[in-house]
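For reference, the structures are reproduced in the following blocks.
Two complexes come next, and they have one chain in common, chain A, joined by chain B in the first and chain C in the second.
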Partner chain A sequence: MEWHLQPRKKDSKVSNRIERDSPGNDVERDHSPSGSGFAGAGSVDMRLLTHNLLSSHVRGVGPRGFPLRLQATEVRINPVEFNPDFIVRMIPKVEWAALLEAADHLHLIQVPKEPIQGYEHNEEFLRKMHHVLLEVEVLEGTLQCPESGRVFPISRGIPNMLLSDEETET
Partner chain B sequence: MPFLHKSFNNPMREPLFISHLAGGEIEAMENKLILGHSTFECPGQEFKPRDYIQDLGSTANMSDVQEATNQLLDVNLCENQMSIQVTESGPRSESEHLQVTIGATVPTGFEQTAADEVREKLGSSCKISKDRGKIYFDISVDSLAQVHCLRSVDNLFVVVQEFKDYQFKETKEEVLKDFEELAGKLPWSDPLKIWKINTCFKKKKTKRRKLNPNSSKQKIDNGRGDTTVEKDVKKELTNSVSDSQISDYYENPAIKEQVSTLIGDGLTSCKDETEENSKEEADPEVLKFRVTCNRAGEKHCFSSNEAARDFGGAVQDYFKWKADMTNFDVEVLLNIHDNEVVVGIALTEESLHRRNITHFGPTTLRSTLAYGMLRLCAPQPTDIIVDPMCGTGAIPIEGATEWSNCYHIAGDNNPLAVNRAANNISSLLTKIQVKEGKLPLGLPIDTIQWDICNLPLRTGSVDIIVTDMPFGKRMGSKKRNWNLYPACLREMSRVCRPGTGRAVLLTQDKKCFAKALSGMGHLWRKVHTVWVNIGGLHAAVYLLKRTPQSFVHPSEEDGERCPW
Partner chain C sequence: MRHSGPRRRVVGCCDGAAGYLEQEIKSLLSLFGGQFISSQETYGKSPFWILSIPSEDIARNLMKRTVCAKSIFELWGHGKCPEELYSSLKNYPVEKMVPFLHSDSTYKIKIHTFNKTLTQEEKVKRIDALEFLPFEGKVNLKKPQHVFSILEDYGLDPNHIPENPHNIYFGRWIADGQRELIESYSVKKRHFIGNTSMDAGLSFIMANHGKVKKNDIVFDPFVGTGGLLIASAHFGAYVYGTDIDYNTVHGLGKASRKNQKWRGPDENIRANLRQYGLEKYYLDVLVSDASKPSWRKGTYFDAIITDPPYGIRESTRRTGSQKEIPKGIEKCPESHVPVSLSYHLSDMFFDLLNFSAETLVLGGRLVYWLPVYTPEYTEEMVPWHPCLKLISNCEQKLSSHTSRRLITMEKVKEFENRDQYSHLLSDHFLLYQGHNSFREKYFSGVTKRIAKEEKSSQE
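Here is the complex of A and B:
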């Protein structure tokens, strides 16, 4: 993966479509660093594993605030070392429906409706999940509370989940 | 649990076998060091480059026990005695299976944690000194490189001699005279050999630094702080990967492979410069030194300055070295704690504690303390570890590098802090990229801007919460803590997994914390407290366990959040 250490251009590529047939194939990638806040290589960006943990905290929403609806205008693929043991143990912790939905919104590869039988030993499956959970990063986009409609921006890879004073008051 | 207790030195001084060490540390990414014709593995990062960071305001986030060691950190070159003799002349080829006693300064209160790390990574047991913040352990010189891999250690030195019960004479004159006479009687030769091995790279880097004055540029965080970084990165990409300027410029990450590249390169060039080195080293007149004396105790009739001066004078006479307080090769340490006197030679120049951070904030926590806190909660593979008030990200970054089989989230409400944390992570990755000449793999850490009192996290989804809570001195206020602490503890108890979850919280506002915790016995159980010293303030690190009780949401219609 090439890396260009230039400040991000205003008309950076919008790449909604990230497709990967199998591990090892070339993937279309967005090269630009995420804005002037970062030096270059591998900035911190929101991964789907993080999205899986996030829930709306808008007052009165409670558990209906999960999962947040993810939309992305800029996504990057950032390889992470594959640790099968990590993925095997993480899968039970993942809220699968939320992951499915998010992966779908990002037009990623088809995530199975549920962890397949005997996934612990299925390397292809594990690699796929590794990719979806850890290697796809949202640089720019939004997270929307499904209950209240409140939109939280993701900018330069960092979601801003702060509510205004009004929203936190009674 | 007392925070200070002794474990005993290994009296047998068994040589450590590399395979024994390596066995416990083999992970997916192995760090292989090539020395001559043999290899051994270093469990963590080895290289700790110079810290060129401008600390924006935290004047003394340092332990009060450690003193003046603002110098360059070295890569530790260690000759593997099992290898075929390398073709070098001079003192290096004499290195045998030297056994040495190493002293390490650690954040006060975390002596036991550091001892655990030493046992885990080096196989040595530690003696914890009464002089707080110091531990001692024996190793064979083969393991010297691994010692620099320790993440809970601020500074390292090799012990020349230890006096457990030094008898001080009555008058100042007599005491100082004793110190003078002491200089000539100490067993210097082995420790000096260690020092020489340790400084092999130092000479090479010093030469390079003179050619590259820009490498010592300090980075100023102006909230963006990246134009500097970008410029340097571009510049450095055009240099060779082995250029020490790059390694000096960035902090040391814990991605392991890059270390071997650096050491491999360093070794090659070190061999090339052997002649110069041995010329300089063989000629002791050229060595410059200083003496640093730390003195603690009420019954001493002398000051540390006086002791340093007179002891130093005798050392100078003995070795015919040149005294230089700022630009020295050898730093002799004279540590006096009541009746315990330890003479040592420093092995680290600059404290390792700021290794991960390039962008500082007003209250940045040192990495060794962050490591100690993380270790306290015993992270398990795939644990979700959250720092909800991450500031510059010291804790999650340390976590992501040392516990890369966990998943880390750094959050803060302040956009500056979040930016800095993200920058620090970027810097870490860029450094690896520059060293390896290829894009590094991502670290398991994400950053979010959020409000700790209203975390946008699923209930019970977090395994570990580790954070440095606002003391109310430099950040926030004591009054604000009164409302903040209970709200924090409550929200943390919600997101933390019942039964298995735990929290490690650092705070100086112990009173407020105790009060906030008192109403939450059904959610949090205090398991352990470590008393620490942060920049002169007496703080505490609390280890809390989350009870099995599920968190009950207050009625959703009820908007009122009562702090108690």
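Here is the complex of A and C:
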């Protein structure tokens, strides 16, 4: 599992201890990492559908905290079984401008600019949306609050939305 | 063969599930468009429940989801003694029986006795007594087309088994429930568990209370190891989870299993879903504080199903100001929780209700556990919200003085900004505020003394 071997940051003493005290994690476990190298069998990744639903909750920012500005240093494409019914349900919930902006930051091509007439029965459209919403995964990157500039990290595909004490809304 | 119109059907259930059966069935009936006809047929303390269900299709759909109900039968007759049963059977319209009894078909009659064992001879006698029924088909014990059952109810007390049954039923078997899910999804075999991972049976019951269906989006704001998400994914919903604990979300740190020190690389929420072939339903998990959600305005969750921490085996925490004295600060690698405040239980539940009122679709459900200190519990203290209607409240005892209640609520009104403060005007808030001290009461000398008193009164 490659992320176990990844060097830890110096200031996190506890994590270093975890690394050293868990011998044989790689020896005892019989697992095969999935094809894409760094990601491995156990990793999780942030999708564009998720990005479309997230907003900054920094104090005072309110609705201007949406959408978060997405930057990615590591992205992968992970095939997911196509379920047209689910995609059809999601289309009305998508904030399109935010989706296009995020897709642009990830340099994605072939992203539909808006829902087309009769999209419910248009398989080509639905497949494109399926790809954009569910199959593009951000492993490492950041989400930035457009109003306050506060950055939320994404590591191993998991966004960390916790605020520090000063930033917390009262 | 179409059987139209509502028919009476009886379900048999297992003891352990008794408290949840009624609400689970009601929620599922509502999910499949069947109106629950409550009249006299409410669930009592027997292992059987007679219901009116509009169609056989709905009955089958019910059984594809329920973990509480063991089997369902089309009721042909019942009585408190054999004679009553036989006369009831004689009154059952023959035209309803005939489709299953004609000469081309094969059948078998079984007998189930609950809380008693009969000898083979006694069983045969009872089956023979039904000879008056117009069976024209052939008996096939191996693979019959139709199975009929005699069900005898000898009560629930294994120490007081009556000579004669309280009730006898006769019906045509329709389908079995999903009790085997409890075994196949057992926490014992799951790759990734935590100290408070939800029992598999209860997680399915919660998904049923939540009316989870295919292509729904289900969210758990206190996701832990993802047990509740697994049940929803099994029913075809796509799932999101958040948790304040960095380690749990990333699948790091100490293991909860005996004999295992650290979590392995296969232990995280996504891996749990993969274990059951449900990985495609995994949307995302985030490290996030449920009291300060990061979701944008909008209604996009079909159900919120969760087991918030009670502050006993997992601490209740949130991020917040340094001014308050922190209880139990925990360090995580790449530390992400700057300060741990004790998250007052009453605040937590009202945050949860507000969040649900804002983000659930209309008709969507919130299902969660509410811990209570039993000696002081009253129904009025169940958290309330103007947008959410209380559907049910089922108790599970935890100890002599504590229990938790499975609360199900349904969003019936769209959220407006002023709604988030209405609880402050409500009496409920003050009542449950007392439950801040749930943790203290759980551990305090008071409860120990009560336990001691109870013990001495039993001796």
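In this text, the second predicted complex is superposed on the first by the 127 of 170 C-alpha atoms of A that agree within 3 Å, B and C clash if a C-alpha of one lies under 4 Å from a C-alpha of the other, contacts with A are read in each partner's own complex, and residues count from 1 in each chain.
In this section, a residue touches a chain if its C-beta (ideal position, glycine included) is under 8 Å from a C-beta of that chain, and two chains touch if they have at least 3 such contacts.
These figures come from a predicted structure and were not determined experimentally.
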{"item": "Partner chain in contact with A:L49 - chain B first, chain C second, else both or neither", "value": "both"}
{"item": "Contacts of A:R150 with chain B and chain C, given as first, second, both or neither", "value": "neither"}
{"item": "Touching partner for A:F66 - first (chain B), second (chain C), both, neither", "value": "both"}
{"item": "Which of chain B and chain C A:S164 touches, first, second, both or neither", "value": "second"}
{"item": "Which superposed partner A:H130 touches (first chain B, second chain C, both, neither)", "value": "neither"}
{"item": "Chain A residues contacted in one complex by chain B, in the other by chain C", "value": "1, 3, 40-47, 49-50, 53-57, 63, 66, 80-81, 83, 85-86, 89, 93, 95, 134, 156-163, 168-170"}
{"item": "Touch list for chain C against partner chain A, complex", "value": "214-215, 238, 240, 242, 244, 246, 249-253, 261-262, 264-271, 280, 282-289, 292-298, 300, 319-322, 331-339"}
{"item": "Interfacial residue positions of chain A with respect to chain C in the complex", "value": "1, 3-4, 8-9, 12, 14-15, 18, 21-22, 25, 28-29, 31, 40-47, 49-50, 53-57, 63, 65-67, 80-81, 83, 85-86, 89, 93, 95, 134, 155-165, 168-170"}
{"item": "Touch list for chain B against partner chain A, complex", "value": "28-29, 224, 226-227, 229-230, 233-234, 237, 381-382, 384, 404-405, 407, 409, 413, 415, 418-419, 421-423, 425-427, 429-430, 432-433, 439-451, 454-459, 461-462, 553, 556-557, 559-560"}
{"item": "For the chain A and chain B complex, residues of the former touching the latter", "value": "1, 3, 5, 7, 36-47, 49-50, 53-57, 59-63, 66, 78-81, 83, 85-86, 89-90, 93, 95, 134-135, 137, 152, 156-163, 168-170"}
